[in-house]
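If you scroll down you'll find the structure; I have some questions about it.
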Amino acid sequence: MGGRGARLYIVDLQIYLDIAKLLENSGTVGTLAAMGDRLDELERRIDGLRAAVRRAMRARDGATARVLRAELRSAERAWDQLVSGEQSPAKREPLPLVTVREQVHQGLRLLGATAQPRLIVAVGDAFFGGTLRSDRLTSLRRDEERSFRSSPFGRPYYLCAALTDRLSAARGLLTLSTWPLERRVVGPLSPRVDFLTCAIAVGGQRGGDERAVRLLIRMARNIPGATDGGLGPPDPERVIAAARAELRVHAERDTHDRAELARRAAAQLDDAARLFGAATLSTITKEKAK
Amino acid sequence: MTGLMREGDPVRRLEVLRGTTPPRPHDARAIAALAANPGCARRALMDGAGIDKDAAARHLGFPAPFGQSPFAITRGNAFEALVKADGCAELLRMLRELLGLPIAEVAYHDVENVGAHLRHAHTRALIDRAARDGGEGAPSPEAGAEATAPPATETAGPGEAVSTAGTLYDHPLLSLRIAGHTAYLEPDVVAFQLGGRFRIVEIKSFAVIDGQADPSSVAAAARQAAVYVLALRTMLEELGHDPLMVSHDVVLVCPENFANRPVATLVDVRKQLAVLRRQLDRMTTLDRLLDGLPDELTFDLRPDEDGRPTRPVAELSDALRRTTARYAPDCLSTCDLCFFCRDEARQEGASDLLGRQVRDELGGVASVAEALGLADGTRDPAEGQEEIARLLRNAERLRRECLT
Amino acid sequence: MSLLTSLARLRALDEGIAQPVATVRHCHLAERPMVFIPLKLSGEAAAPLAAMLGTDRGDPRLLVVPQPRNRDLRFAWAAELAGVLLPYVEGFLGDTETVERRNADPYERTVDAPQIIVPNQGGMAFVRLLGRSTRFRRTDGPYPVPESVPLLGRWLTYFAERAAYPGSSLMLAATDELGRHWASGQSSLEDANLAALLSWITTGPSDDAEDPLVWPPAGPATDPGFDAEVLAPAIEGGSPERVAEALRTQLEPTWRLMWQAIDLLAGLPEGASVAQRWEQDRGSFSGMAAHVAEGTPPQARRDGAVAAAAKLARMERAQAAYDVQRAYDDPLVMAEYRLTGEAFAGEVIETVPDNVEGEGRSRKLRPLVVIKTDDPVRLAPGTSLGTPQRRTQGAELVSADDGLVTVKITKGMGRGRTAAPGAVPEVGERVCYTSLTDDFQGSPSLPESEATPWTHGGPPQEYTPDDEDAQEEWS
């Protein structure tokens, strides 16, 4: 197979002509006809199944489509094996040396402020040789809460939710239990303040690779005065100065809002809720439903 | 919108039309599409009654030719996430550049934080407060504004920390009454505090390349944004504020060139608003459309417990044919029922099949047979058809001459 | 669309088969056209997914991006595409002829030129965007690409721009050309579906044509059902062979349709002016090749005001010339003008071949011809006329009433005291005269580019592609 291993695959109309050559060279011509027949048959079957799946989908017949899809996948796997002459390798990701939990912790510590998973992933990529994927982070918070509830304060830190102005868990914002409440609550200005704080942290970080430069470019272009308009990598000092300048505009009000929220959280919430947010009506309903 | 609330016969008749089939909620795209073919009585009635046209079309054996690729959906979601990341950092940059938004205006409210069931009430409360603060330049008592929403959490009271209204409302939920039904609408973002005005922000993932975007995509985005503008204006009006606090210029955010970098443009949707209003007004006069129909007429699909339609196809098809459709080839990209209506137009030999241009060219000759009869001279022109008949006869003569 | 075409559509609908709206072919068809069917990833502006292309119907090349989100693979694909298209394009550069020009140096024109045929307008737009996204790429710096990629971009940009030029045949869209020659019994919107249009022309309408399972869309967008059920799992599975095989199923049916479309067009005799327009295409192509050879920078992102105005004026003139030429070449097109009274045809019933006007030195031969016609003539006496039967001849309308038209021949009947043999039509001959004439109006006087008024943005900056152009992400 001329194309295998190359970045680009040019496939002739009949792939198995290539296979024929391959087999000829390796002296197994005898099996060729049988293999071609088998491929023919598989392709016919795959085409038929695909059409059936799509027909079922158009008729919104989900149950039939699922059954057909399963059959289709196994036919496709068989085809793959026949064509590539090997088991399709199970994709194995390199085992991370550091757990997801610890990587998120690392990222948050670097940033020093509440952040969205995608930013934490970007920081992991830029400075810690990142193996994080944002879809891995979705269940994280629930696991942390479960662990906390079963043995409170059993771990040195928890990855927890930022608290909204209703003291419930903010969607998609991660924070660290070791931080003071003021840093873990979000008022209306806090997303901006946290973004600027993160930009200062990223600007002050050394030793990142090309991905770090790209991250800083992306952050800098959204801070007034952080770039000179050129295309080159931004000057980190300039980014930090610009972020600090904007921060000064928001700091007082945000500090005030956060102090007020933190005071309320301290007064109204129990330990678990202080870390993971007060239950809202909807979560209560869900809990009851279980 | 007042006419919509009227109880009584038309509402009951619409319920009969829908029958036991659960109503299909309208989204902005569906409402925007209402304006696409305002002359179609069949569509007006089906939408008015909240009928699931997609399900009806499938049951009739004419599934709509639409579908969205998972790649397009993923791409759209990823782009929206990028624009909204880190407290809408990208969006703030664009609003600062485009509209001169002051640096201090960065407040961000994620309405979705309150949970799905409270989103609409919370949106209302936030918009109300913003309209007051923005309108009078003074903070208003928090409790008063929040009183319209039920208490949010058991533990935390309804009070809010000291904060000013604005600037960005993420995941807001608006509503609009459509022929007696409430449609809930989700604009991407509502921005406030740009000269005391609200602006709808619409995030789309089609590219603007060297300053140009696909005109039909822009038009569709404008139609959709107009629905949000109307819904937000309606909300403000209901709250006793000036509806014109909502700007008719919407902020359209798209990726620029081949990069993922978002770029914002202002799009004036006044025209789309006017069309939309006219069509919605028309929906309030559905009783006129209902007048000519038998009382017991229904488009019910009679779903079984699993939601599968059980109504005999011929029966449903007959019922639909009692209403007049105005098929045009444009329907093929906007209406779920298009293949059904096209089939009907084919059976009737309607010249509508060939498109608006042909119809205009034929100056009111509606059927294929009639037009060909005039061309062949086998049919005498009716009054007012003399000129088109002369042209058709001449055209026929010329074609024959050239092709033999 | 004219009433004549509308009538043809009605007839097609009634008879269940497409009707001709042309009696000759109005586009050039190359001996070896490059059929090019691109597919793009849904939701993206111009992210290539695959293409099937080639000049031999029995031997299409399939180029696939096995992981369409991977930018490096996209550029590798573009390089691979360049590897097919550039040799094809450059293959025409070797054989040239010298063209003498008045008031200018002679230049070299290729004796033939490339021709790309894509399925539809979407394919054209994709070629334009692919050209835009590749022509500024650098072969060095942070995101280097193979040398052939920016060159491919310049050529694709050229083909896309030239395709907008009325009457050009360097790049054709199959549905457009078919639609110019046949009227189907469906709307022009539906004619954009190659399978549907072809089935109207060949066998009559078929519902299969709209079933993506039978006839996959001709691109560049793929069927959403295919994306969800076949392509996405194949890409996820990480097996390039399976991705390629899946895309082949979407492209092969269109490949066959494309050649069917070419056969249908080839079945029509070529219009008399087609060669002349192709000659212009060859000249334009040679000019572009010279630009490339001289190392001029790639086409700018946007034209300056003067360049845009000049281009618009050129296109308007080309459109006018194209309309006239088609009418002269094709009685069925001329019939449109006969219907509106701008042309008439009929039989010659009387001639005065030796009619003269004026006295003495200003005495001129002005043969008269009287034609009996059924056409409604709406031309004023004195109107200049031309005739497809004698293209070099000029005439003037003398009078027209009651189906009798008198025409005076003013040009192109020879210099003698009597008209050259054959210059004056004989009694009984069928002739056609029209007010449409192919004399070009002079080009509008536009300022030099350097003198662009401030109202139009002032003189444009010399376009030099910058790093931003080169580094632009392609995502």
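Order of writing sets the chain letters: A, B and C. Residues in each chain are counted from 1.
In this text, a contact is a pair of C-beta atoms (placed from the backbone, for glycine too) under 8 Å apart; a residue touches a chain by one contact, two chains touch by 3 or more.
Since this is a predicted model, take the numbers as computed values, not measurements.
Engineer: If you tally contacting C-beta pairs, which comes out ahead, A-C or B-C? Let me know.
Structural biologist: B-C
Engineer: What's the farthest chain from chain A if centres are computed as the mean of the Cα atoms?
Structural biologist: With centres defined by C-alpha atoms, farthest from chain A sits C.
Engineer: Average the C-alpha coordinates of each chain, average all protein C-alpha coordinates together, and give the chain whose average is closest to the overall one.
Structural biologist: Chain B is the most central one.
Engineer: Report the inter-chain centroid distance for chain A and chain B in whole angstrom, where each centroid is the mean of the CA atoms.
Structural biologist: 33
Engineer: Just curious, how far off is chain C from chain B if you go by their C-alpha centres, in Å?
Structural biologist: 38
Engineer: Please tell me the distance, in whole Å, between the geometric centres of chain A and chain C computed from their C-alpha atoms.
Structural biologist: 48
Engineer: Residues of chain C that touch two or more other chains: which are they?
Structural biologist: Residues 225, 228 of chain C each touch two or more of the other chains.
Engineer: Residue numbers in chain A touching 2 or more other chains?
Structural biologist: Residues 58.
Engineer: If I count partner chains per residue in chain B, which residues reach a count of at least 2?
Structural biologist: Only 261 qualify.
Engineer: Going by the contact rule at the top, pick out the chain C residues touching chain A in the complex.
Structural biologist: 60-66, 72-73, 76-77, 80, 212-213, 225-226, 228-230, 233-234, 237-245, 248-249, 252, 466-468, 471
Engineer: If we count contacts the way the header does, which residues on chain B are in touch with chain C in the complex?
Structural biologist: Against chain C, the touching part of chain B is residues 65-76, 205-207, 209-211, 255, 257-261, 329-330, 332, 349, 351, 353-355, 357-358, 361-362, 368-369, 371-372, 375, 391-392, 394-399, 401-403.
Engineer: Would you pull the chain A residues touching chain B in the complex into a rising list?
Structural biologist: Listed in rising order, the residues of chain A that touch chain B are 58-60, 115-116, 118-119, 164-168, 170-171, 187-192, 194-195, 198, 219, 221-222, 224, 246, 249-250, 253, 256-257, 260-261, 264, 268-269, 273, 278-284.
Engineer: Touching residues of chain A toward chain C in the complex: what are they?
Structural biologist: Within the complex, chain A touches chain C at residues 3, 7-13, 15, 43, 47, 50-51, 53-55, 57-58, 69, 73, 76, 79-80, 83-84, 88, 91, 231.
Engineer: What residues on chain C touch chain B, complex-wise?
Structural biologist: 1-4, 6-11, 13-14, 20, 23, 41-46, 68, 129, 132-133, 185-190, 210, 222-225, 227-228, 231-232, 301-302, 331-332, 335, 338-339, 374-376, 472-475
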